[in-house]
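Letters A, B, C and D name the chains as they come in the text, with residue numbers starting at 1 for each one.
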Amino acid sequence: MIQKTMDLSSGKVKIKIGNKIISEEPIFFAGPCSVEDIDTMRKIAKELKALGVDVLRGGAYKPRTSPYDFQGLKGEGLEILRTIKKEFQMIISTEILDVRDIEKVMDVVDIIQIGSRNMYNYVLLEEAGKSGKPIILKRGFSATVNEWLGAAEYIMNVGNEQVILCERGIRTFETTTRNTLDLNSVAYLKKYSRLPVFVDPSHGTGVRDLVKPMALSGVMAGADGLLIETHVEPEEASSDSQQTIDMKTLGEIMKKTNEIWRLR
Amino acid sequence: MIQKTMDLSSGKVKIKIGNKIISEEPIFFAGPCSVEDIDTMRKIAKELKALGVDVLRGGAYKPRTSPYDFQGLKGEGLEILRTIKKEFQMIISTEILDVRDIEKVMDVVDIIQIGSRNMYNYVLLEEAGKSGKPIILKRGFSATVNEWLGAAEYIMNVGNEQVILCERGIRTFETTTRNTLDLNSVAYLKKYSRLPVFVDPSHGTGVRDLVKPMALSGVMAGADGLLIETHVEPEEASSDSQQTIDMKTLGEIMKKTNEIWRLR
Amino acid sequence: MIQKTMDLSSGKVKIKIGNKIISEEPIFFAGPCSVEDIDTMRKIAKELKALGVDVLRGGAYKPRTSPYDFQGLKGEGLEILRTIKKEFQMIISTEILDVRDIEKVMDVVDIIQIGSRNMYNYVLLEEAGKSGKPIILKRGFSATVNEWLGAAEYIMNVGNEQVILCERGIRTFETTTRNTLDLNSVAYLKKYSRLPVFVDPSHGTGVRDLVKPMALSGVMAGADGLLIETHVEPEEASSDSQQTIDMKTLGEIMKKTNEIWRLR
Amino acid sequence: MIQKTMDLSSGKVKIKIGNKIISEEPIFFAGPCSVEDIDTMRKIAKELKALGVDVLRGGAYKPRTSPYDFQGLKGEGLEILRTIKKEFQMIISTEILDVRDIEKVMDVVDIIQIGSRNMYNYVLLEEAGKSGKPIILKRGFSATVNEWLGAAEYIMNVGNEQVILCERGIRTFETTTRNTLDLNSVAYLKKYSRLPVFVDPSHGTGVRDLVKPMALSGVMAGADGLLIETHVEPEEASSDSQQTIDMKTLGEIMKKTNEIWRLR
């Protein structure tokens, strides 16, 4: 059933992020959970750029369990990302929720994120795929590896091979941590699929103190990149504050990742 | 957080299906998993009508794990439903996957189904809600009761109170049955929420022989209605054959449901 | 692999509880979670007897997550059960945790309970089986149906066919209720195994208000009997108070069960 | 509730394995799933010793889902371990299932293993604890971290502080791998508990090819040691063959572990 994602005879899919090729060196996506106001975003972007982060990520459209919770800055958030992109010359990734938004984001967003809640939204997958942009496809929090590959297949089937899988934790009986980061799936996919695999230790743990060890653990399981919620003042983040790390910790993770990268 | 769904001081939500009011007498949704060809649909509709089934249900648009699997008859399936609706004067329910399809289905579909995979697709929930039609909202197969109510809240928040919750089994470690039918949630929601609750024992078990006992078990847990995959020739159904029952079994379930209804 | 439990050609296993044969009429096990002091136990036993409850159940030895929590009255609890048994002529069921206790309980306990935590304790299963007494085997809270049957097979393999399976809820991602009562498993086992199946809606829900609907739901799924935590003053129960019901509710459940029993 | 395991003010628990102190350098437990015949065990022991493995592990008593499956060599397996211990001067670890076996194993077994199925068997935990020997306590495959610590607390509460926690994968909806290795729990316990934590990537994945990356991933999450099913001829192992690795792969894991140990 899973044809394009697992046909190893076609070779591993190669995706470029700026001047880097995924899997040849570690790739870092970082930034706040939600896009913050322009001043805060400038501070964040400046520091991420200084650290050598590859992609600035932040949510303009936020899917939330309750309609009464903060839903992101939406269009305004998109304009902030546009400004940051221009001022800092950074590669931008953000999540889209609505097929009707794709056109709007085309000139701002370089890498489209499909979030965990929308992994089974095949209409959105196909339309995002048709944009021709690289897609970072988060695993549904209760999706099997097979279903996740099926979702990737929907994107590849409309002619877009640039799919990055991102493990972000699955829902289990355990509640000590927000999710259970399934690094088995990373090792499995690196061996048996053609696609690059990233790890998101922020959602994967939900606990700030566990982000660093689990980021490095993810790298050792085979991850090609990391997606980490980072803020200049984590306690002030407008969402997911408890799992957001500061710039210093991000710098340590990047340094350690480079040290262990060749030892895998 | 959950305001409109659980504010019992506003009274239980009343929804009419034809001449019946949900919760005053049992309601039955039945039909094939996918819309079949017009001749088969005529045979099915004739028998369902004779049994007194309230709503004919069948999928024109089918979300499938793989893009290479049968995706439903789509537009053609919708036209078949339109013909059946006119010929048999039946109330029609079908699933929608794409906000751009809502306008198309407005004059065919009486009750819009939001499927399990789309329970977190808040964009779709809001647009479906704006149609003003009753919505049957299937529980995400890994959604907590709280998240399910949050999804209903998105619909109610755009001004549409006509939401029917439908328990259809959750994903657990157990694989003897396709899903684990969570009837605790039915008893819980009947007690603490304002919304009617249906049970889908077809997806809830995935096993034809278990549909009847689990339909009745669902009624006893408090269900206001049942949604059952039924076909004149279950073995020939174009999808979900192994969990589809025949007309005779459906008739038995309806008879038994009426017998136990007042004993709850 | 599962030979004795599922060999339907050998016929259904028949087990007598007092003058009743399981599956011919409903069987009720009731009593407090833990054995209480002798005065409270007398009050409870008197009321259960008056209601026609078949078996008084209560824990003398309580397995608890923490060693610092109440572990049951142990030997003293056993002596209280002995007194109650003699004074009220009731059939007694209690859980054992230690193979070295079996001899001690032989003349007090009529039906040995193996609790959920010990379903995989094959040493205990075999030794309990060798006692020749009927065993009520609770499902491990994360055991598959196949593993549960494997556990029953250990008992049957030492020559004791008198095994009652008891579904008591499984551990899933859902936390609204304490466990997820898996009634699919009841319908499945009634159809495909030789053993009687009971339902414990107390542990299965963990919520007092849900015990009645889920008890009746369990009966409709096919249960041969119910095991319900009941107390004269539920709020005062020394453990599991929040899921313990009063005598009046138990009486209603028994009455309703008799009404729906023949309608299955 | 969790007093002795998490009271960080008492300092981390120090356990010696031979001349090493756990957490100061990596510790390796390796050997076959089940104790094999004496000739095979000699070959295995010789190679493990040459690699510098700290502890030879192998099961004499095997808890199996079905009573008709191989249950281990039992007493004979214990005698084989005794011989190997003497001939190779190796530290021995094996699982016990029955409190009545503890005395028998006292002079053979240096480190008692409590297996996943028996994590809730508090009687066994206490009796094993009273032996005074170090205990390697595998996590129940559906145990929360809190329950796992509760189990450790039972051992510590009888006066034995020498408890090694061992993460071996939890049961989730995912079936691509045998279990889901929960490395979040390792990072969490290293930070918040006093006890050393090992990882078992053999049961944690169930897939030979994934043992090496997940062993290293576990080390990076903070593991103090590894427990790996290893055999001179993995395909010939009498149980768990599909997850057993060969000596060469074990050697690579040990080498890599030493390289990344100081980079954590």
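Keep in mind that, in the parts below, contacts are C-beta pairs under 8 Å (C-beta built on N, C-alpha and C of every residue); 3 or more make two chains touch, one makes a residue touch a chain.
Values in this document were obtained by computation on a predicted structure and should not be read as measured data.
Novice: So which chains are sitting against subunit B and subunit D at once?
Specialist: A, C
Novice: Taking each chain's centre as the mean of its C-alpha atoms, give the chain farthest from subunit A.
Specialist: C
Novice: Considering A-D alongside A-C, which chain pair is linked by more C-beta pairs in contact?
Specialist: A-D
Novice: Report, in whole Å, the distance between the mean C-alpha point of subunit A and the mean C-alpha point of subunit D.
Specialist: Going by mean C-alpha positions, subunit A sits 35 Å from subunit D.
Novice: Express in whole angstrom the distance between the two chain centres, defined as the mean CA positions of subunit A and subunit C.
Specialist: Those two chain centres are 48 Å apart.
Novice: Please set out, as single numbers or ranges, the residues of subunit A touching at least two other chains.
Specialist: Residues 142, 146, 171-173, 175.
Novice: Using the touch rule from the top, collect the residues of subunit B that touch subunit C in their complex.
Specialist: For subunit B paired with subunit C, touching residues are 142, 144-146, 170, 172-177, 180-185, 187-188, 190-191, 204-205, 207, 209-210, 213-214, 216-222, 256, 259-260, 263-264.
Novice: Within their complex, state which residues of subunit B touch subunit A.
Specialist: 1-3, 63-69, 97-100, 117-118, 120-123, 141-142, 146-147, 150, 153-154, 157, 171
Novice: Tell me, which parts of subunit D touch subunit B in their complex?
Specialist: Counting only subunit D, the residues touching subunit B are 142, 171-173, 175.
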